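Common to both upcoming complexes is chain A, partnered first by chain B, then by chain C.
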Partner chain A sequence: MGLSVELKDVSVQYGSFQALKGVSLFVEGGEGLVLLGPSGSGKSTLLRTIAGLITPTRGRVYIGGRDVTELPPDRRGVSMVFQDLALFPHLDVFENVAFGLRIRKVPDDEVRRKVRWALELVRLDPDLFLKRRVHELSGGQQQRVALARALVVEPEVLLLDEPFSHVDLDIKNRLLEELKILHSKLGFTLIYVTHDRFEAVEIGDRIALMKEGEMVQVGKPIELYKKPKNRFVAEFFGEANIVPTSALGLGEKGYAVIRPEDVVIGGNATYKLKGQVVDVTFLWHYLKVEIQSNGHIYKAYVDLETPVSVGDVVEFGWDVRDVYVVEE
Partner chain B sequence: MRVLRIYTWALIAAMYVPIGVVVVLSFNNSKLPYVWGGFTLRWYQALFGWDLAWQAVLNSTVIALGVALLSTLLGLFMAYTLRGDRYIAFSQGAVVMPEVSEALAFAAALSLLKDYANVNLFGPVGVFLAHLAYTLPMAHVLMAPYVSYVGRNVVEAARILGASELRTVLSVIAPILFPAFIATFLIVFANSFDTYIKTAFTTSPDFITAPILLWNYAARGRGDPTIYALASLMLIPSIAAAVIYFRAVKRYS
Partner chain C sequence: MIKKVALVAFAAVVLLFYVPFLALGYYMSGGGVLKLPSMSMLATTFMLALVTAAIAIALAYPAAYYLAKRGNELEFALLIAPLWVGTLLKAYSLLVVFSVVERITGIVLWGTALGVVVGMVYEYFPYAVLTLYAAIEKLSETPTQAARVLGASRAQAFLRVELPLTMPGVVAAFILIFLFAVGEVIMPAVLGAWKVYTVGSYIWDLYFKARDFLSGSVLSMLLAALSLLATYVVVKTIRSFSI
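This part shows the complex of A and B:
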C-alpha cells in the first residue's frame, strides 16, 4: 500500500517570482491524484517539491506522516518519471532499469530477476530489450523503460511529470491504460502532472486544479465538472457556456455555467433563446453546434440526427436546473 | 558556387601543401630543398642523437600535459557551474582574443613582477601560466555543450533513484562526460604543444620548447632537414588529437 503525501502551506519563491503560494494538499495512500493546470500554474513545481528537488521557502512536506521537508531526494523513497524521460544515455536498457537497485546494493541475481519483472510489467520483452541502447528505442519504448526504471524499486509513491507528452495519441492512451492497471495492481500512491484534462480524467481518482501557484479546487472529476468553484475551473475543466448572470436575469454578480450537452435545440427547454447557427462540426458521436445570440456564441452538443445547418435561425435553450452559478 | 568550391580547395591546399612539403623534405636524402636525392631516414637518425631537440620536445610535452589536465578539469567545473549562464560569453571572448596582445600583456605582467616584486617567473612557470590563460577558456567553451547535454533531469533522476551527490557524479555525470573530457584534453594538449607566440613572450633563454627550437632554426634560414624531421614528428600529436576528438564527439550524436 502506498504512503500518504501531505503538503502544508507550501510556498516556493524564485527571486521575485512566487511559483507556489501557500499550497496545501492531502493525498491518501494508494490514491491516484492528478495535478492539473495550465503551464506556469506551479503543478510541476509542486511535484518537484514532493520529490525533494525543490526545497520550499515556507511550509512542510510529509510522506507517510513523516516530515521530509529537509530530506534530499535520495532519501525520500519516491520514484519519478520525467517529461523528457531522463534515461541514462551511457547505459543500456538493463543498466538503466537496474540503476536504483544497484544503488540499493541489491545482489546481482536479484537485480536480474527484478529488472525482468519490471520490464514485463511495462510489456517490454526482456530478451529483446535488455541489451539495447536507449537511443535505439522508439518514443513509446523509451517511455516504458522510464516507467520500468521507476517501478523496479517498488516505490510507495510514484510521481509522473507529463510523462506521455511526447508520444502519439494512440500510444499515449495505451500507456495511460496500462499505468492505471499497474496502479491498482501494485497499490502505490500516484501523483500525475498534466495540462491535459482528458489525460487527467483517465488517470485521476481526484483532480487538483492549479492556477498561478495556487490550488483552486480539489475533488473528484465529477465534482469539478458539475460544481466548479469559479469561472476558471468551469472553463478549464471541460467545455462550457459561460454567460454573465445579468444577461440571463439571474442576478447582478456572477456567471452562469451551462455545459454544451445541456443545451437543446428546438426541444423542451425551460429557458429559451433565439439565435443563428454559425458552425456545425461532426464529432463522431455528436454534433457540435455554435449558435450566435445577443452577441454571444453558445455551444451545444446535440444528437447526430438533429436537423441543423449553418445559417439556420433556431430556438434553443436549457433546463434552468442545469445552470450552475459561480461568483467569480 | 563553382568559384566558391575552387576557392575552398585552394585555401585547403594553401594550408596543407606546405605541411606536406615539410614531411616530404624530412625524407629527402639531400640538404637542398629543391633537389630530390632519394628516400632516407638519416635526418630522423640525426634527430634522435640531438639532445637539445629531445629536451625541447620533453619540455613541450610536460607543459602541454600539465596545461591540458588542469584546464580540462577546471574547464569542466566552470562549464558545470556556469551552465546556462551568460558568463560563458566572457570565456568565448577570451578564446578569440588576439594571441599576440594576450601574450604581450602576460609578458608585461611577468616583467612587472620581476622588476618590482623580485619574482622571476619567466621560464617554465611563465610559459605554463600563459598557456593556461588561453587554454582554460578554450576547455570551458569545448566542454560547455557536453555539460548541458548531460541535462538537469538525468542528474535529478539519479538522485531520486537513491544516488547520493557523489554517486551521481561518479555513476552518471562522469561516464557521460568522459569522451568529451578526453576530446577536450587532446585539443588543449595539441594547442599548447604547438604554440609559439605565447611561449616566446614568457620563456627564458634556458627553457626551450619544440616550437621555439623550430623557430630558432627555421626562421634563421638554417634549412637543416633535421628540423623538417622534428616538424613532421610534431604533427603526430596534433593529427592524433583531431582524429580522436571527432571519434569521441561522435558518441554524442
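This part shows the complex of A and C:
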C-alpha cells in the first residue's frame, strides 16, 4: 500500500515570484490524485517540492507521516516520471531501467529479473528492447521506459509530471488506461500533474485544482463539476454558461453556472429566454448550439435530432434547479 | 556548398605547406640529408602534451561546471583572462613567479619539465574552460534530477549521469589542447630553458639556428600529419560517444 503525502502551508519563492502561496494538501496512501491547473498555476512546482527537487521557503512536507522537508530527493523513497522523460541517453534501455536498482546495489541476477518484470509491466517485450538505445525508440516506447524506470524500484509514491504530453492522443489514452491498471494492481500513491481536464478525470480519484500558486478546490471530479467553488473552477473544469446573477434576477452579487447539457431548446424549461442561434457544431453524440440572447452567448448541448440551424430564433431555457450560484 | 568550402580550406592548407612540399620533393629526389628527431624527443613532446591536456581539463572541469551552474559574467571573464595575454609575455611573467616560488619553497621550476607543464597548463586552461563550459551549459537538468529521485546521491548522479553526458566536451577539449601542445615552442624554450627539448624546439632550431630548411620543413609536415591522425582518431571516439 502506498504512503500518504501531506503538505502543510507550503510556499515557494523564486526571487520576487511566488510560485506557491501557502498550499496545503493531504493525499491518502494508495490514492490517485491529479494536480490540475493552467500553466503557471504552480502544479509542477508542488510536485517537485514533494520529490525534494525544490525546497519550500515555508511549510512542511510529510510522506507516510514522516517530515521529509529537509531530506534530499534520494532519501524520500518516491519515484517520478518527468515531462521531458529525462531518460539517460548514454545508456541502453536495460541500464536506464536498472538505474535505481544499481544505485541500491541490488545483486546482478535480481537486477535482470526486476528489469524484465518492469518492462513487462509497461508492455515492452524485454527480449526486443533491452539492448536498444533510447533514441532509437518511438515516443510512446520512451514513455514506457520512463515509467518502467520509475516502477522498477517499487515506489510507495509515484509522481508524474505531464508524462504523456508529447504523444498522440491514441497512445496517450492507451497509456493512461494502462497506468490506471498498474495503479490499482501495485497500490502506490499516485500524484499526477496535468493541464488537461480530460486526462484528469481519466486518472484521478480526486482532483486538486490550482491557480496562480494557490489551491482553489480539492475534491472528487463530480464535486468540482457540480459544486464549483468559483467561476474559475466552473470554467476550467468543464464547459459552463456563466451569467451574472443580476441578469437572471437571482440577486445582486455572484454568478450563475449553468452547464450546457442542462440547457434545453424549445422544451419545458422553468426559466425561459429567447435568442438567435449563431452556431451549430456536430460533436458525434450531441449538437453544440450557441445562442445569442441579451448580448450573451449561451452554449447548449442538445440531442442530434433537435431541429435547429444558424439564424433560427428559438426559445430556450433550463430548470432553475440546475442553476448553481457561485459568489466570485 | 560544403564541398566548396572544404576544397578552399584544403587549398589553403596546401598553400601553407608550399615550402615544406618543395622541401619534401627535394629530399625525395635525393637532394639532402634528413635529420630526424630522436625517440626520446618525440616521447617528451607527446608526454608533455598529454599531461598538459589531462591536467588542464581536470582543473577546468570544476571551474566550467561552476560557471555553467551559477557563475556570473565577471567570473567568466576573469577565468578566461589569460587569453588576452600573448604566450611569450605569459612565459616571462611565469619566470618571475618561478623565481619567487624557488626562493620561498626551494622547488626549482625553471628548466624542469614540471615548470614547462605549469606554463602550458596555464596557457591552455582557458581553452579547456570554454570548451567544457559549452558542453556543461547545454546539459539538461532533468536527467540529473531523475537520477537523484531514483536514489542517487549528488556524487553518484554526477559520476553516472552528468560526467558521461559531458564526455564529448571533455574529448573536444582534449583534442584542442593536445594539438596545440604538441607543436608548442615558446613554453619549453623559455620555461624549460632549452633543457626540456621538444619536437617544436627542434624544428625551431633547425630553421633558425642550423638553417636546415629541408629537415625543418619535413619535420613540421610530419608533425602536422601526426596531429591530423590524432584528430581523426579522437573525432571517431567522439562519434562513438555522441548521443
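Odds and ends about this structure:
Convention: the second predicted complex is superposed on the first by the 328 of 328 C-alpha atoms of A that agree within 3 Å, B and C clash if a C-alpha of one lies under 4 Å from a C-alpha of the other, contacts with A are read in each partner's own complex, and residues count from 1 in each chain.
Everything below uses one rule, namely that a residue touches a chain if its C-beta (ideal position, glycine included) is under 8 Å from a C-beta of that chain, and two chains touch if they have at least 3 such contacts.
In this text the structure is predicted, and so the values were computed from the model without any measurement.
Superposition of the two structures on chain A shows chain C clashing with chain B. Once the two complexes are laid over each other on the shared chain, residue contacts for A:125 go to neither chain B nor chain C. Shared-chain residue A:51: touches chain B and chain C both. Legend: residue contacts after superposition of the two complexes on their common chain; A:110 is shown touching neither chain B nor chain C. Once chain A of one complex is fitted onto chain A of the other, the partner contacts of A:84 extend to both chain B and chain C. Of the two partner chains placed by the overlay, neither chain B nor chain C lies in contact with A:279. Judged by the touch definition given at the top, the superposed model places A:239 against neither chain B nor chain C. When the shared chain is aligned, no partner comes close enough to touch A:177: not chain B, not chain C. On chain A, the patch touched by chain B and the patch touched by chain C overlap at residues 51-53, 72-74, 76, 78-80, 82, 84, 86-90, 99-100, 103-104, 149, 153. For chain C in complex with chain A, the touching residues are 140, 142-143, 145-154, 156, 160-161, 164-165, 167, 241, 243.
Residues 51-53, 72-74, 76, 78-80, 82, 84, 86-90, 99-100, 103-104, 135, 149-150, 153 of chain A are the ones that touch chain C when the two sit in their complex. Those residues of chain A lying in contact with chain B across their complex are 51-53, 72-74, 76, 78-80, 82-90, 99-100, 102-104, 149, 153. Remark: chain B residues 151, 153-154, 156-164, 167, 171-172, 175-176 touch chain A in the complex.
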